[in-house]
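For reference, the structures are reproduced in the following blocks.
Across the two complexes that follow, subunit A remains constant while its partner is subunit B and subsequently subunit C.
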Partner chain A sequence: MLNETDIKSYFLNILNEENDVSAGVAAIRTLMKIIKYHDSGTIQGLLEDLKLGMEIMKNTNYPSAAITSGCGLFRRFITLAIKDTYTFAECQNVMLDRGNLFLNKLNASRNKIKKLACQFIVDGSRILTHSRSRVVLHALKEAAEQNRYFEVFVTKSAPDDSGERMYNDLRELKIPCTLIMDAAIGYIMESVDFVMVGAEAVVESGGIVNKIGSYTMALSAKAMNKPFYVLTESVKFSRLFPLNQSDLPDEYKYLPTARSGDLSKEDPLVDYTPPSYITLLFTDLGILTPSAVSDELIKLYL
Partner chain B sequence: MLEMELFSDVIKLISDIRHSKLHNSYDIAIHTEELVERLISEGKWKSAQDLMSLIKLRIARFISALPQEATPVNIMRHILKIIRDEYDTGFKSKGEGHQSLHHLVTANINDSEDYSKLLPTLKSSLLNNLAEYKVELESSMDNIATQALEHIHANEIILTVGKSNTVEKFLKYAAKSRKFQVIVVEAAPRFHGHLMASNLAKSNIQTTIIPDSAVFAMMSRVNKVIIGTHTVLANGGLRTECGVHMVALAAKRYSIPIMVLAHMYKLSPMHLCSSEQDAFNICASPADVLPYSSGPLLNKVHVYNPAFDYVPPELVTLFISHQGGNAPSYVYRLLSELYHPDDQEL
Partner chain C sequence: MADPSTTVDASLVEDAATAVPQPISELESLRLLVQQQAAALDTFVKNQQSVNRGKKVGADGLTKKERRALKAGAEKNVEISNAKTNTIDESLNQPKNNVAVNSKSSKGKLQNDSSTPIKSQVKNHTESPPKADTQKSQKTLDAKIKENEKETLSKAEIKAQRRAVQEAQRQAKANQKLVVTPNNNNQATKENIKQNEQNIKLGKKVSPKIDLIKSPIKHRVQLFNHLYVGDFQEQNLKRYTLNKDIHPAFLQLGAQYLSRSILGSNARCLAMLSALKTLTNDFRTPPKQEFCRSLESTLKASITHLNTCRPLAVSMTNALRQFKLLLTQIDTNLSDNEKRSLLQERIDKYIQEEIEKAGEAISNEVNKKISDNDIILIYGYSSLILRILVDAQKAGKKFRVVIVDARPLLEGREMLRRLVCANIECSYLLINAVSFVMSRVTKVLLGAHALLANGYVMSRTGTAQVALVANSFKKPVLVCCETYKFCERVQTDSFVYNEIADPDKVVTVDASEKSSYLLNWRDNNYLTPLNLMYDVTPSDFVTAVVTEIAVLPCTSVPVILRIRPVE
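Right, the complex of A and B next:
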């Protein structure tokens, strides 16, 4: 049986040591670990344990949106596994087997996405992206490896300046790129061909929750009739239906350290982009229109 | 052995389309279906896998020759799905099915299937299925036409562009019991609208023909735009006759609904990636625009005659297929019913 510090350090370890793992996948791997070492012998005990694990992970300084959706999907998957088996040991094995299969598929998902997205990056494209997204980086890398010539504009993306990391990553790959100010989104929009961003979570309406500024970018893209593409793994689909920005849960918007203080004075870390501003979503399930997202979620949770 | 296949059937299909022996999509669809039916009954195949690779080779051959012609590929793609379904029901196996979130969560390790096992009843059940499919293809046009009365009301003014057999039949069906007026856009430079207008007038429909340039001027008095299409794309957009985008924008300006009559075999899993995408558009002969008789002028100017327009899904109100009306945002769902996810990329 893992205790609280074990869970926390295991989770943080994955994220610190493996650069390429997203918080959602790390969360699922941590939950798998909890299942593996669980010894109470009852499903109820295991579920309690998993719930505790989720809480611990949500209270780390990592994007809570991705952790929540990853854990939600995993929990659903466990309830489906329980239905099929009888004894606890059997159940534990089924969960671990399926869990590994599930993780393998998730690991393959970025490759699928990059292949789908790559065909939209044609020679001479000028692409605007926001913040740093691993899957966008993968897709751009794939296009560069296919000897496509294109140019990328990256916003600096305050407050954590994650755009600078993206910019450095792109420079390392020898992809022509320019770092721009967040306030220059409107300025640059007329000269780009399309916008390509990642997402922290995809919500039921087909909209996305992503780094603050994504909504501004989507509004600006819509105003200038530029396609707004979202690249995201299906593990980020979450059961949330926000109607406006204030509907987003506080744990998505603020770090745990900030949550205890006066939230009205805090800067939010993410915003919600409604589906009407999104042209297409590139996922491991294929290229989806925003309306297809709710269909996928209904199929799973109904 | 597969490499030795001569593809004489598909080569004939390609040349028939090229030489306009088959010029409407319905004939092309029926010929493709018959081609596959012959392949199933006479071809050298043992397992479903053999058959599928035979069909896939034909698709590849066809795409390399006529990439802009989506109908035969869609028909063959749908037949691949039929084969997969028959195989799965034959072995009572679940198969990969839809590529969904649900599947991602519930998959078992031994679910994957390579379709190589022999199924003696496969041939007969496939031929039965294809016979049904052929009936569906043959009746598709009539099924669409019978929905006309739901969409065309008395004394309405309908605008259509160029000539489409499906639209013609749709309007004629409605004319049996309703009185309405049709405005036909002539669709330069091929002027198929003229033939359409004369066909409609022969059925006693009050018909007006207008030049393409008059579309905006006439749009304010139109109640509905009804058009056919060459292909429906995966996002619900259209690849259709050149000039329709302009009509769609004019209709949008006056908030006039656009109905697109589309057979199921026009639905393609293709996306428009960029406006310069290879094989999305083709240029037809410039002689229609500037005849060779114009002599000396020909040396001094460039003449382009693109065949297709892309119409984005926001501009389309409704697709009408033999199953009824669907919004553009629902096209992805129809696609996932029509084709297996593994066959979408070929």
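Right, the complex of A and C next:
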């Protein structure tokens, strides 16, 4: 049986040591660990434990959008699929099997996405991206390996300057790239061919929740009639329907440390981009239009 | 005569109905109509007396011609006084007439005949004298009429009259035969009555020609020509109200739909389901038939009747489809009583699951989206929206409601009354001012008549406007709709399928305005008021649809339709 600090340290360990793992996958792996070491002998006890685990992970200093959606899907596929006939030990094994299957599928998804997105990167493309997304990085890498010539513009992405990390990663891959200011999005937009970003969560409307500034970029791309592509794994699909920015849940927008204080003075970490500004979503389920996302979600959850 | 709120489960309607629109004025117009008809009848009876006496000047000191003119005037009045209430009156009166005819009251006959006066004048005359010398008097009368009326009548009228006279002669012959066997007197009168009824039907073939001459102006908007039901409705109503196959619960329901005293998609569906329950309860299987099969055929007539009164709502069509499906699936080995109770149980379950629980789920979902200090704009009346807002108030949320209303139904007033009763802070305005308040609003909540397969929303006229304005101010628009109102139809405009309501409701004129040309628009060739019931809101204007299954973008409606277990 894992206690609270164990869960937390295990989760943080994954994220710190393995650079290539997203928060959602890390959360699912932590939940698997909880199932593995659970010993109360009852399903109900296990479910309680999982719930507790989710709460703990959400309260770490990682943005909770991906964690929430990952845990939601995990619960849907593994925990809800319990049949009454199994003994607890059998049940535990079934859950772990299913969990591993699920994780394998997720690991394969990034490869699928980069293959899909790669087709859209043609020679001479000028691509604008925001913040640091592992999937986008993979896709760009794949395109570079296929000897496509293209240029990337990366925003600095305050406040955590994750764009700088992206810039360095691209430099390592010998992909021509330029680091631009966040405020220069509008300036650069006329000269790029399309925008390619990742997502922290894909919501039911078909819109995305992503690093602050994505919405600005989408608005500006729409005004300039540039395609706005989103690369995302289907694990990030979540059952949420924000109506506008203020309707986004606070736990998505602010870190747990900030949530206790006065939120009106706090800078949000993410924003919501409505589906009307998104051209296409590249997922492991295929290339989807925003409206197809909710169809897929209904299929997943109903 | 039926009081709208008696037999239909009053609590249901009270809960969900938008049972607003001015029952008083409805009643008043009805009373007016009855008065007019009474007047027409009066002159008619007087006429008859004078004809019987064979005098040219009647008791009221008028010549025949003058009296005819008067009567025509009265008739025209009846026609003009809005077509809708006219038909209600008929649908409500007719069963009574039926009874009257059956009990061989000559008054009943008179009332029936008053719709086709020229013919009936002749016919009644043939009936009133002792039956032995009918034919003789008939001939002399014919001659008289011909002499008197040749100059004054148009060709069509003469034709119509000749036909009526022939009819009367035939009847007289039949009468004569019957006189030979006086024992069968009872039967004779019965047959008389039957013939009378036939005459009524035949009379319809005659009357339109006369109508054409009397009312040359057809007030119809060309674009909506396919939606007008007026004549067709009137004719069918007459036929159906004489039909014994229709359960009284459905007759009453029809009248209530017609008078719009039951209004709103949910309320109409609930009322229909409760009538359906009554029918199931009262239905006795005819000999050598199966319960469900015969019930289905009986139901068919009733539904056709409802459809003539007012086109069925999508919610009703869906509920009916489920019911019919159930009828085919039911185990035939069960006894009638078992089937009956099973059917009623399933209707109750349908109400509970598709309407009650769905409403609750939607209310929960929307309540998550209502936050403190919200200003919520709503349009007209919707039982679901009312429920949501009242629930939100109970949950202790602090919000304000802006009610947007529009003529002619002014449903928002009922909404206002109920919300204020629930201690919710409201403001009330008409749709002309919607762009003025929209900038302050934080959310727009709308009800729906139906959701179409392309994601468009069909709702009360004006909804599209509100959604358009909200969209241009970038305010989130939430459409609340139970999934049983989803519809496979695809529609991109309000022309193809819609409903035309009474045009008189649009032209109501301020009391201070004494001489508005709107008052007598029927005499004006260039003026045609149009009163549409529904419009279609494009899905672009709708942020999300809230259903009991999930909050969805409009584009996902077909997915829901696909996963919904129908057939």
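Here, the second predicted complex is superposed on the first by the 297 of 302 C-alpha atoms of A that agree within 3 Å, B and C clash if a C-alpha of one lies under 4 Å from a C-alpha of the other, contacts with A are read in each partner's own complex, and residues count from 1 in each chain.
The criterion applied here is as follows: a residue touches a chain if its C-beta (ideal position, glycine included) is under 8 Å from a C-beta of that chain, and two chains touch if they have at least 3 such contacts.
Everything numeric here is computed off the predicted structure, so don't read it as measured data.
Looking at the overlay on subunit A, is there a clash between subunit B and subunit C, or do the two fit?
Once both complexes are aligned on subunit A, subunit B and subunit C fit side by side.
Determine, under the contact definition given at the top, whether A:Asn59 touches first (subunit B), second (subunit C), both, or neither.
neither
Thinking of the overlay built on chain A, is A:Glu204 touched by subunit B (first), by subunit C (second), by both, or by neither?
Once the two structures are laid over each other on A, A:Glu204 reaches subunit C alone.
Name the contact category of A:Leu285: first (subunit B only), second (subunit C only), both, or neither.
Only subunit B is touched by A:Leu285; subunit C is not.
With the two complexes overlaid on chain A, check the angle at subunit A between subunit B and subunit C, Cα centres, nearest 10°.
60
Just to be sure I read the superposition right, which of the two partners does A:Asn244 touch: subunit B = first, subunit C = second, or both, or neither?
In the superposition, A:Asn244 touches subunit C alone.
Identify which of subunit B and subunit C touches the larger number of residues of subunit A.
B
After lining up the shared chain so the two structures overlap, which partner does A:Asp295 touch, if you call subunit B first and subunit C second: first, second, both or neither?
Once the two structures are laid over each other on A, A:Asp295 reaches both partners.
Once the structures are superposed on A, label A:Thr216 by its partner contacts, choosing first (subunit B), second (subunit C), both or neither.
Once the two structures are laid over each other on A, A:Thr216 reaches no partner at all.
On the overlay, how many Å separate the closest CA atoms of subunit B and subunit C?
7
Jot down the residues of subunit A that show up as touching in both complexes, subunit B in one and subunit C in the other.
291, 295, 297, 299
Could you list, by residue number, the parts of subunit A that touch subunit B in their complex?
73, 76-77, 80, 97-98, 101-102, 105, 119-120, 122, 125, 193, 234, 237, 279-280, 284-289, 291-292, 295-297, 299-300
Enumerate the contact residues on subunit B facing subunit A in the complex.
98-102, 104-109, 234-236, 271, 273-274, 276-277, 313, 329-333, 341, 344
Considering only the defined contacts, which subunit C positions touch subunit A in the complex?
Residue positions touching the partner: 369, 443, 476, 478, 543-544, 549-553, 555-556, 559-560, 563.
In their shared complex, at which residues does subunit A touch subunit C?
Spelled out, the residues of subunit A in touch with subunit C are 204-206, 239, 241, 243-244, 247, 275, 291, 294-295, 297-299, 301-302.
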